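Note that chain A is present in both complexes that follow, paired respectively with chain B and with chain C.
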Partner chain A sequence: MSVLVRLVAGTLRGQRQYGVDFVGSIVLSALVTAGEFGVVVIILTRFPRIAGWSLPQLALLFGLSATATSVYRTLTDELHDFERYMVNGEFDAILLRPWPSLLVMLARGVNLGKLGGLLEGLGITAWGAARLGLAPSGWGWLLLFSVTGSALVLAIGIATSATAFWLERIGELQVFTLYAPSFAAEFPQSIYAGWLRALFLSAIPIAFVNYLPVRAMLGHGGGIATMLLPVPAAAISLTLAALLWSAGERRYRSTGS
Partner chain B sequence: MVYVLAARAAVRRELQYRWAHMVNNLGSAVFGFVYIAAWRAVLGRQSLSGVDAAFMTRYMVVSQVFLWLTTFMTFGLGIPEGMRTGSVAADLARPVDFFGLYAAREAGALAYGLLYRCLPMAVLFALTVGFPLPGSWPLGLAGVALGAYVGLCLNYLAGLAAFWTVQARWAWGLRQTLTLVLGGIAVPPAVYPGWLQGVVAWSPFRACGAIPTLIWLGRAGAGDLAAAAGWAAALTLLARALTGAARRRVEVQGG
Partner chain C sequence: MIEVLGLSKRFGGHQAVDGVAFRVEPGEFVALLGPNGAGKSTTVKMLTGILHPDAGSVRVAGRSPQRERRALAREIGVVFGQRTGLWWDLPVCDSFDLLAAMYRVRAAAERAAELRSLLDLDGFWHTPVRRLSLGQRVRADIAAALLHRPKVLFLDEPTVGLDLLAKERVREFLSGYGRQGATVLLTTHDLAEVEALCGRVLVMNGGRLAFDGTVADLRQRAGVPTLLTVEYAGEPVGEPAWPAVARDGRSLTVSFDRSQVGAGTVLAALGELGEILDIRLHEPDLEKMVRRLYLHPACARDDPRLL
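Coming up: the complex of A and B.
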C-alpha cells in the first residue's frame, strides 16, 4: 500500500511541473462532457421525455455514466494507452519492478487532468437528484452507484487493455468496448434492440453502471435487490479483468526493438 | 506533384491499420444505433418540423457515415505533434506551401477513410436500418466534399494554435464540441430552439454536419451549398493569413 502511495505521489509530482497544461486538461475534459449533455438538453427542449424518462431522470443516467468514465480516465492514463507499451516494448521495464504490473500501470496513470469530466458528471447527477427531490437515502444510493459504476468501467477498461497482450493494438477496440457503451449508457437501455441490450448485460456490463439500479431506485422496475446488483457485478467484472490481465502477462514476449 | 505524393504516403500509412479500423467502424456504428434508438423513442409516431422517426434514421446514418470525412481527423492535422518533435521546422523550410502540405496529407487519410471507414459503415447500415442514396448525386457529393474541406480548414486552424500554446488540445476539443452541438451532427437544426437556430445558421460547423446530410437527403439545395462554399473560401483565407503569422512566431519544443 505504501508503495502504491509513493508511486502515485511520484506520478502527480511529475504532472505538477506542467501547471497550465493541468488546468487546460481539466477544462477540456469538462468541455467534451458538456457538449454531449448539450445535445440531450437540446433534444429535451422540444420533447418532454425519452422513453418515459424526464430530463432530471436522464441527468442521473448521464451523470453516473460520465462519472464512471471519468474515474476510469483519471486512474488509467497509462493503462488506456497500453498498446504503446506493447508496440514499443516498454512493458519490459514494468515487469522488472517487484510489484504486480497492473498495480504499477494504474499508479503511473493517475491523471488529475481528467477531473473536469468527473466534477461535471457528479454535478449533473447532483442536479438531477436535486430536481427530483431525492431523500438523503437516495443520495446515498447514487454515491454507491458512482463507486460501483466506476469499478465496472475500470474492469471493462482493464480487460480491454489486457487484450493488447494478444492484439497489440487496442486503440480502435476501445471505441467498441468503452466509448460507444458509455455513450449508450447515457440513455435508457429500453430503447435499444435486443442484441445491444444483451451485450450491455453480459460481455460489456454497462447496464449495471446506471440503468438497472437507477430504474429500480425511481420505482420503475426491480427493488432493493436490483439496486444492490451492481456490487456483485463490479466484483465479478474486476476479478475477471484481473484474471485476463495475468493470463496475458504470462503470455507476454517483448518486441525486438 | 508533391501534394499527391504526400497524400499517397498518408494512404499507405493508414492501410497498415485497416483491420483495426474495421473494429472501430463497428463501435462507430453503435453510436449511430444509439442515436437512432434515442430518436425513435423520442419521436414515436409524431412529426415535428418535417422530422419523424423514419427521417431521423436516415439523417443519423448519413451523418454518422460522413463524420469520418468531415470531422474525425488527425489531431490538429498533425501540427501539434510536429511542434513537439520539431519536424514542423523542416516542413516550414520546404519549398511547398505549408497549409497545402498538411492539407494534402490529411486529404490522403480522408481518401483512405472514404474507402475503409465510410463505405463499410454505409454497407453495415444498409444491411440493418437502411442507407439512403442521395436525392441528387452531384449536389450530394459536392456537399460532402465541401464539408470535408471546411472540416480540414477548421482542424488546421485548431492545429495552428500549437504555434502559440502547448495547449492546442483546447482548440481542438472546442472545435469538436462546437461541431457536435452547432454542426447538427445528431440533431437537425430545424429541431433546435429558435434562438439557437440563428447561431447555427451563422456558424461554419453546419457545413460539416447538417448541410451535407440535408443535401444528401434532398432536404437542402444550392443555397446551403453556396453557404458551405462561402465558409470554405473564408476559412481558406483565414488559414493562409494565420499561417503567415505562425511562420514568424515559430518556436519548436524539441527535435
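Coming up: the complex of A and C.
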C-alpha cells in the first residue's frame, strides 16, 4: 500500500514538473461538469419533468453519474490512453515491474486535476438530496451508490482499455462504452428504447450506477434488494474487467523496434 | 541460470523465433548477435516475461517468465537501449527512490550511492530524465536495472546511438560488472563490445540459433581464412602449398583455414621456400566471421562444427 502511495506521489510530482496549474485544471473540470448540468437544467425550463422525474431527482442521477465518471478520469489518465502503450510498445516497461500491471497503470495515471468534476458531482447530488429532504439513511445510500457507481464505470473503462490488447485502437470504442453511456446515465433510462436499456443492464451496466438504485430509493420501483444490486454488479464487473485484462496481457505483442 | 528449449514465436504469418534452445550458466557473460530482424529482441522479451511464447519452455533463475512474471521481475534487470525504465518527468534520484520501494530493495541508499559512483551519475542525479543526454540516460538506466541486485542482467542494444566515449564508459562498467561473476545476456551489433566483454557468443539468424560457442570457437570455426605474410631474406623459391594471395619480391602472403591447419605447420612449410626474416599473422576479425554466419545461415547450420 505504501508503495502505491509513493508511486502516486511520484506521478503527481511528475505532473508538477510541467507547471500544471492544479487550481486551474480543477476549476476547468468543474466548469465542464457544470456546463453539462446546465443542459439538464435548460431542458427542464421547457419541460417541468423528464419521464416523471423532477429537477432535484434528476440532480441525483446527474450527480452520481458525474461522480463516477470523474473518479474514473481521476484514476485513469494513462489507462484511458492505453492504445498508446500498445502502439508504441510502452507496455513492455510496465510488464518488467514486480507488480500487477493494471495497478501500475492506475498509479501512473492519477490526475488530481479531474477532482473538480468529482467535487461538483458530489455537490449536485447533495443539492438534490437536500431539496428532496432525504433522511440520513438516504444520504448513506447515496454515498454507497457513489462508490459502487465509480467502481462500475472504472470496470467499464478497464474492460474497454483491455480490448486494446486485441484491437490496439480503442478511441472509437471509448465513445460507445464510456462517453455516450455516461451522458445517457444523466437521464432516466425509461426514455430509452428497450434494446438500449438491455445493453445498459448487461454489457455496459450503467443502469446500476444510478438509475436503478435511485429509482428504488425514491420509491418508483424496486425495494432494498434493488438498492443493493449495485454492490454485486460492481464486484462482478470489476472481476470480469480484471479477467479480461489478464487475458489481454498474455496476448500482448509488443512492437518490433 | 537461463534455460531455453524449443522456443518459438510467430507474429501473424512471420516466424520471428523458431525453435531456439540454449543454456546460460551462472557467471557467464553471453552475447546474442544476429542481423536486424533475427529475433533477438523477441527472444529477450520472452525471457523477461513481456511476450508469451507459442511453444517451448523457458526458465530464468529457476522461474517461468510467463507463469511467475512478477516474482521473476525481482530477480532480473532489463535494459532496452531505445527505451527508458525511468520516470520521464522525474529527477533521476526520484526514479531510484520509487524503484527501491517497488522492489523493496534492502539498504537502498547504500546501493544507489554505490551505483551512482560506479556509473558516474553524480553530475545529473537531480536532473529530470527527459533532460538527460542519451549517454547519461543509458548509464542511469543500467544503474536502475541493477538497483535490486538482480541475478541476471538482460541488455538489449544498451549502447545503440552512443558516441565512442560514452560507449567506452558503459563497456568499462560492464566489464567490471562481469568480472564480479554476474550473469549477463547482451544483445548488440557492436562486435568490439562482444570481444571485450563476452566469453560466449550466440548468433541468431532468421529466428534460429546459427552458432553457440566461445569467441575463440567462432574465430576458429567460421572458416574465414587467416592470412600469413612472410618476409624472406631473399626471393622465395617454389610454390607454397596454400593459395598465395599476394607475392611481391621477397614478401609472400598465403591464406589458409585455421580449422584445417595450424599456423605453425603453415609457417614451417613456408620456411622450406627460403630463410624467413619476419612474419605477420592476420586473424580474421569477428565482424567478418559473423557476417559469414549472417549471409550463409544454412551452411552454418549444416556444418556440424557450427552446431
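The criterion applied here is as follows: the second predicted complex is superposed on the first by the 251 of 257 C-alpha atoms of A that agree within 3 Å, B and C clash if a C-alpha of one lies under 4 Å from a C-alpha of the other, contacts with A are read in each partner's own complex, and residues count from 1 in each chain.
Just so we're on the same page, a residue touches a chain if its C-beta (ideal position, glycine included) is under 8 Å from a C-beta of that chain, and two chains touch if they have at least 3 such contacts.
Computed from a prediction, not measured in an experiment: that's the story for all the values here.
Enquirer: More residues of chain A are touched by which chain, chain B or chain C?
Expert: Of the two chains, more chain A residues are contacted by B.
Enquirer: Which holds for A:Gly140: it touches chain B only (first), chain C only (second), both, or neither?
Expert: Once the two structures are laid over each other on A, A:Gly140 reaches no partner at all.
Enquirer: Quick one: classify A:Ala193 as touching chain B (first), chain C (second), both or neither.
Expert: Touch status of A:Ala193: first partner only.
Enquirer: Based on the superposed arrangement, let me know which partner A:Pro232 touches: chain B (first), chain C (second), both, or neither?
Expert: A:Pro232 contacts neither chain B nor chain C.
Enquirer: Report for A:Ser254: first if it touches chain B alone, second if chain C alone, otherwise both or neither.
Expert: After superposition on chain A, A:Ser254 lies in contact with chain C alone.
Enquirer: Which partner does A:Gly223 reach: the first (chain B), the second (chain C), both, or neither?
Expert: So A:Gly223 meets neither chain B nor chain C here.
Enquirer: Please indicate which partner A:Gln15 is in contact with in the superposed arrangement: first for chain B, second for chain C, both, or neither.
Expert: A:Gln15 contacts chain C only, not chain B.
Enquirer: Between chain B and chain C, which residues of chain A are contacted by each of them?
Expert: None.
Enquirer: Would you mind writing out the residues of chain A in touch with chain C in their complex?
Expert: Its residues touching chain C are 2-3, 6-7, 10, 13-15, 17-18, 89-90, 92-93, 95-100, 250-254, 256-257.
Enquirer: Residue numbers of chain A touching chain B in their complex, please.
Expert: 20-21, 24-25, 27-28, 31-32, 34-36, 38-39, 42-43, 45-47, 49-51, 169, 171-177, 179-181, 183-184, 187-188, 190-193, 196
Enquirer: Please output the residues of chain C touching chain A within their complex, sorted ascending.
Expert: Counting only chain C, the residues touching chain A are 11, 37, 41-42, 45, 48-52, 66, 69-71, 73-74, 78, 80, 82-85, 87-90, 94, 97-98, 101-103, 128, 157.
Enquirer: Over in the complex, which chain B residues touch chain A? Could you list them?
Expert: Per the touch definition, chain B meets chain A at residues 17, 20-21, 23-24, 26-28, 30-31, 33-34, 37-38, 40-43, 48, 166-167, 169-170, 173-174, 176-178, 180-181, 186-187, 191-193, 196.
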